[in-house]
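The following blocks contain the structures, represented as structure tokens.
Each of the two complexes below includes chain A, the first together with chain B, the second together with chain C.
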Partner chain A sequence: MIRARNLPFAATVLIFIIAYALCVMQFPNMLSTRVVGNLLTDNAFLGIAAVGMTFVILSGGIDLSVGSVIAFTSVFIAVTVRAGMHPAMAFALALVISTAFGALMGLTIHALSMPPFVVTLAGMFLARGAAFLLTTESVPISHPFLDTLGDLFFRLPGKGRLTFLAMLMLAVFVIGAIIAKRTRFGANVYALGGSPQSAELMGVPVRATTIRLYALSGALAGLAGIAYTLYTSAGYSLATVGMELDAIAAVVVGGTLLTGGAGLVMGTLFGVLIQGLIQTYIVFDGTLSSWWTKIVVGLLLFAFIVLQRVILLFHGPKGKPARMVPAGG
Partner chain B sequence: MKRTFATAGAVACLAMAAGMAMAQDMTVGFSQIGSESGWRAAETTVTQQEAETRGIDLKFADAQQKQENQIKAIRGFIAQGVDAILIAPVVATGWDAVLEEAKEAEIPVVLLDRQIEAPEELYLTAVTSDQVYEGKVAGDWLVGEVGDADCNVVELQGTTGSSPAINRKAGFEQALEGHDNIRITRSQTGDFTRTKGKEVMESFIKAEGGGANICAVYAHNDDMAVGAIQAIKEAGLNPGTDIKIVSIDAVPDIFLAMAEGEANATVELTPNMAGPAFDALAAFIADGTEPPKWIQTESKLYTQADDPQAVYEAKKDLGY
Partner chain C sequence: MLIEVRAIRKSFYGVTVLDDVDFTLHAGEIHALLGENGAGKSTLVKILTGAYRRDGGTMRLEGAEVEPRDVAEAQAMGIGTVYQEVNLLENLSVAENVYLGRQPRRFGMIDTTRMEREAAALLARYGLRVDPGESLSAYSVAIRQIIAIARAVDLSGKVLFLDEPTASLDAREVEAIFAILRRLRDDGLGIVIITHFLDQVYALADRVTVLRNGKLVGSRATRDLPRRDLVGMMLGRELAEETHARSAAAPVDTPAPIRFRGMGKTGSVAPFDMDIRPGEVLGIAGLLGSGRTETAFLLFGIDRADSGSAEIDGSPVTLKSPHDAIAHGFGFCPEERKADGIVADLSVRENIILALQARRGWSRPIPRREQNAIAERYIRMLDIRPTDPERPIKFLSGGNQQKVILARWLATDPRFLILDEPTRGIDIGAHAEIIRLIDGLRAEGMALAVISSELDELVAYSSRVVVMADHRQVAELAGEEISAQAIMAAMAVEAA
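Our next item is the complex of A and B:
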């Protein structure tokens, strides 16, 4: 039996399956391991960042710095590797920086009781500016270590590839789902998103949870930056502008409540895959404007927000149908 | 019921696929950067026209200025099994992995308009213009036009530090070497825009005795030239006769100005990069003819003698 709270997740999975089936009916070529492998590889960096975003949105917050942190990480790695550092060391340093950056934003949000929107907006400009400070050009990276990671893939039957990036993303999703459902931290995040006041009364350590939450989002944005660097083998300060919005869209289309408190990490995976599927369809068709991706994602977002509202009205603890009566009416 | 529908759908798909296979013998994927400028839009239009006249099925993907979208599109083309791929690369780096995949799938790749930093064996050829040569063509025209008379040239540069600005300046200076009667007296950036071109020209005119000491304007693109023409007219001079105008790009508006005698010459940055690319691909697929690694497009000079009105009519619907 599907619980009402998980209805958006079920809807997402269903939409993905139906959409894929429709695509395959029109382009039989789309039913290949190559396309499935591409879907996972091409969206790996978006997926990894979206897992962090899922946690943030589950807590009722938002993180607008994700796209900039990815760009900063990729530029940082490119510049340090060019200067002679081993990529593994550069990766580790980049993760430390992005995690610390996230933690600092979490601390600011809690200490100043500022809306996450404002603090992470500042973070977005800071990280993007720092990337430009390092270099404005597109810096190529070549190192045997990166080639090894690039060559690390399983061949699927039918020429498809399950690349290192795809496996990394799937691993992040699995670990994310476990953290959300099986740990104290995960439970605290859901509680915070349900209602910060009652969470505090229940003894949820709000400060520690907020800091860890944004540190996690920062760390995953850093990891997404590493994935992006591997994907393009270059660092570019203008990369992934506005990608945080794609991640937010993936989270909401994946069935997570934008106001927090309800949703599943695995739903986000399908939110990401639906976006990837639309792009793949547009490439296969070859005549549609690629801006249709945005239009379809926009329509899906709208549909999901309406669906969430309806579910909340009838099942949610916060929204009793009585709220629909206008005040004083 | 469901089954009947599915079967009917499958049959329809098969029929369509068969029909397409008969009508077209080549499918080409084209990953375009975006539509940030008029020239870019014209390149897209011309590519589609060139594909149509050759009976090529063109799959078009607009990357909205993002490299990751271009890589996704190229992977999509490979998965689809296209016969060839055209890329107008948004940046020079980061293409090795995806081009290796294309190579492994034995799909030839042709670069349009820009070069990349990648091993040469990863792509068939690159079709681009030579920006230094463009500047030289403009300079050569001016040298031929003024002969032995003294001529003070003011230069409207492109965006500071951009490669077209650097190269077009260098090419023009090359052409002037050994012609001491022609000198560049002032040179400033007009940022490739009409408004900046006009502003900078206004200050040039003020600084040069109301324009009396200026014999010619060299603008790194047509938009700045159009702005300069405006400034010259407002100063009460006749552009095209009092002050000669030569620029680069050959966008439709400069032909209107030439038809009215207000501009003198322009060097074309052709939006037809795809034509030579398709020809090279056809030869390569037919009998394995390897094209040179760089195909230079023609930098054609247009003057008032080339029926600018007719050229304008031909170009105005390309999307500039």
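Our next item is the complex of A and C:
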């Protein structure tokens, strides 16, 4: 039985399957492991960042710094590798920096009781500015280690490849889903998204949870930056502008309530895949402008927000808020 | 001595709310913390349980000085609490609510199966059969309150604080909870309970501590404290003996201007007829979950009836929404005032004029002078404290917030006013006032329907009483037939 709160997730999966079926009906070639493999690889960095965003949104917050942190990470790796550092070392350092950066934003949000929107907006400018400070040019990188990673893949039946990036993203989703549903930290995140006041009165360590939450989002943005660097073999400070919005869209289309408290990490995977699918369709079609992706995503977002309201209306607390007398009638 | 606090002080924005309050709690004792609305009871509980930081004073737990910095820390010390504003999370499952922060784990992962099994077993001891995996929002307020109590009891190793824990429970459920509390006391737990029901105090508490205006009035053994003296301690004056004797007017025998015929909603309330006359109070009795609140929802258009009709002054009307009902001069003060009624950041004045302004339409603002006059009138009439109309309502105590919501609906001067549990959470002084108020409104010719679990109260002001059970009206009593025994008998017939 599907519980009411899992309806949006079911809807997302259904939309993905229907959309994919429609695509295949028009372009039978789309039914191949190559398309699927590419879908996963091309969206790996978005997916990884979107997992972090899922946690933040589940808690009722938002992280606008993601796109900038990805750009910073990729520039940081490119510059340090160019200067002779081993990529593995550069990756580790980048993760440490992005995690610390996220933790700092979390601490600020809690300590100053500022809206996450404002604090992460500042973080967005900071990270982007720092990327520009490192370099304003696009820095290509090459290193045997990176080639090894790039050549790491499983061959899928058919012509497809499950690349390192795709596996990395899937692993992040699986671990993310486990953290969300199977750890106390995950439960605390949902609790914060339900009501910060109640969560606090129920003994949720609000401060620690907030800090860890944004640290997690920072870490995953850093990891997404690494994935992005591997994907493009370059670091560029103007890259991934506005990527946080794609991540937010993936989370919401994936069935997570934008106001927090309800949703599933795995829903976000499908949110990402739906976006990727639209892009693939546009490539196959060949005549459509790629901006159609944005339009369709926009429509889907609307549809989901409406769906969530409807579900709340019908499955809202018995005889409570959704239907209660609006204050003053 | 389990808890010993000395000279606790707390002020908000320069206003002293607790002034050198001492308090002691023994192991194996049930201790009632009493006082009028706004006396500082909830604030004291919040300080002792880590939700607020104190400005001064000391707290010892089993002799050792402690200062819980947050609720989590207090919980780790073995202090469990049900706060006045029931604090559970609707978006989590029942089991997650019960075990938040203490989930059973296996190999570091939450063991959901075991958690749900244990939650089911725990709640079964409170007579609850719920699906522990279902989200809490699927359950009624009463069930949530029991879950909150079960959770607090389960995590309190040494001390349990309950701030008006029975506010939305009926007599049967209250008795079940009390039985559990007595057992816990006998096991050596220290329990502090805040309530406005003196019957509960005498049924349960070994000792009472009374606060008034943030100051300690005294602590006594309940056994040695006559009720009169206790009331005197709380109010600082004598209260005319609460009699609740039957004083209501006899039913009027005129054609009713507001008539409901065959109103019902499948799965919610079976079709019923109801006549509403000016100058009459229609009492609605029944156990919790018997369909009382659902009936009110139909009358006020919050739920749409799927059968029957309504007629006002001889012409048929449809009540599709509260908006329609308000347009016909209806008013409804809901049971869950705390959760749904208040707009926390608005001032007392703004909260009071809200419904009146909505009825006039937002394009015709009520002049400020008139607003002030209205606010001041109701602040005085209902004895709302503090009396400052400009204070944001969120800074008022729970009971005073309820009075503000009542004032909001009174201010619209409705021809038909529906009140759902109007005296819950209101202190005994104000309690008597509200009963007098209901009677006064009736005498001025207003039509009222009042839902209440307090049978004595219903008997005191009702001209007629409808008894509900199992989502149906099972009896209607009028005039001299009305008595607490008759109402109980009618409810019991159905239960059998």
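What we mean here is this: the second predicted complex is superposed on the first by the 315 of 329 C-alpha atoms of A that agree within 3 Å, B and C clash if a C-alpha of one lies under 4 Å from a C-alpha of the other, contacts with A are read in each partner's own complex, and residues count from 1 in each chain.
Criterion: a residue touches a chain if its C-beta (ideal position, glycine included) is under 8 Å from a C-beta of that chain, and two chains touch if they have at least 3 such contacts.
Remember, predicted model here, so these are calculated numbers, not experimental data.
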Touching partner for A:Ser195 - first (chain B), second (chain C), both, neither: second
Contacts of A:Thr280 with chain B and chain C, given as first, second, both or neither: first
A:Gly203 touches, of chain B and chain C: first, second, both or neither? second
Partner chain in contact with A:Ala83 - chain B first, chain C second, else both or neither: neither
First (chain B), second (chain C), both or neither touched by A:Gln26: first
First (chain B), second (chain C), both or neither touched by A:Asn38: first
Touching partner for A:Thr240 - first (chain B), second (chain C), both, neither: first
Contacts of A:Ala4 with chain B and chain C, given as first, second, both or neither: second
Doubly contacted residues of chain A, that is, touched by chain B and again by chain C: none
Interfacial residue positions of chain A with respect to chain B in the complex: 25-30, 32, 34-35, 38, 41-42, 45, 138-140, 142, 150, 159, 228, 231-234, 236, 239-241, 276, 279-280, 282-287, 289-291
Residues on chain A engaged by chain C in the complex (per definition of touch): 3-5, 178, 181-184, 187-188, 190-191, 193-195, 197-206, 261-262, 315-321, 323-329
Residues of chain C touching chain A in the complex: 51, 70-72, 74-75, 81, 83, 87-92, 96-97, 100-101, 103, 105, 108-110, 112, 133-135, 137-141, 293-294, 297, 300, 302-303, 322-323, 325-326, 332, 334, 336, 339-343, 354-355, 357-359, 408
In the complex, chain B residues that touch chain A: 6, 9-10, 13, 29, 57-64, 66-69, 71-73, 75-81, 91-94, 96-97, 105, 117
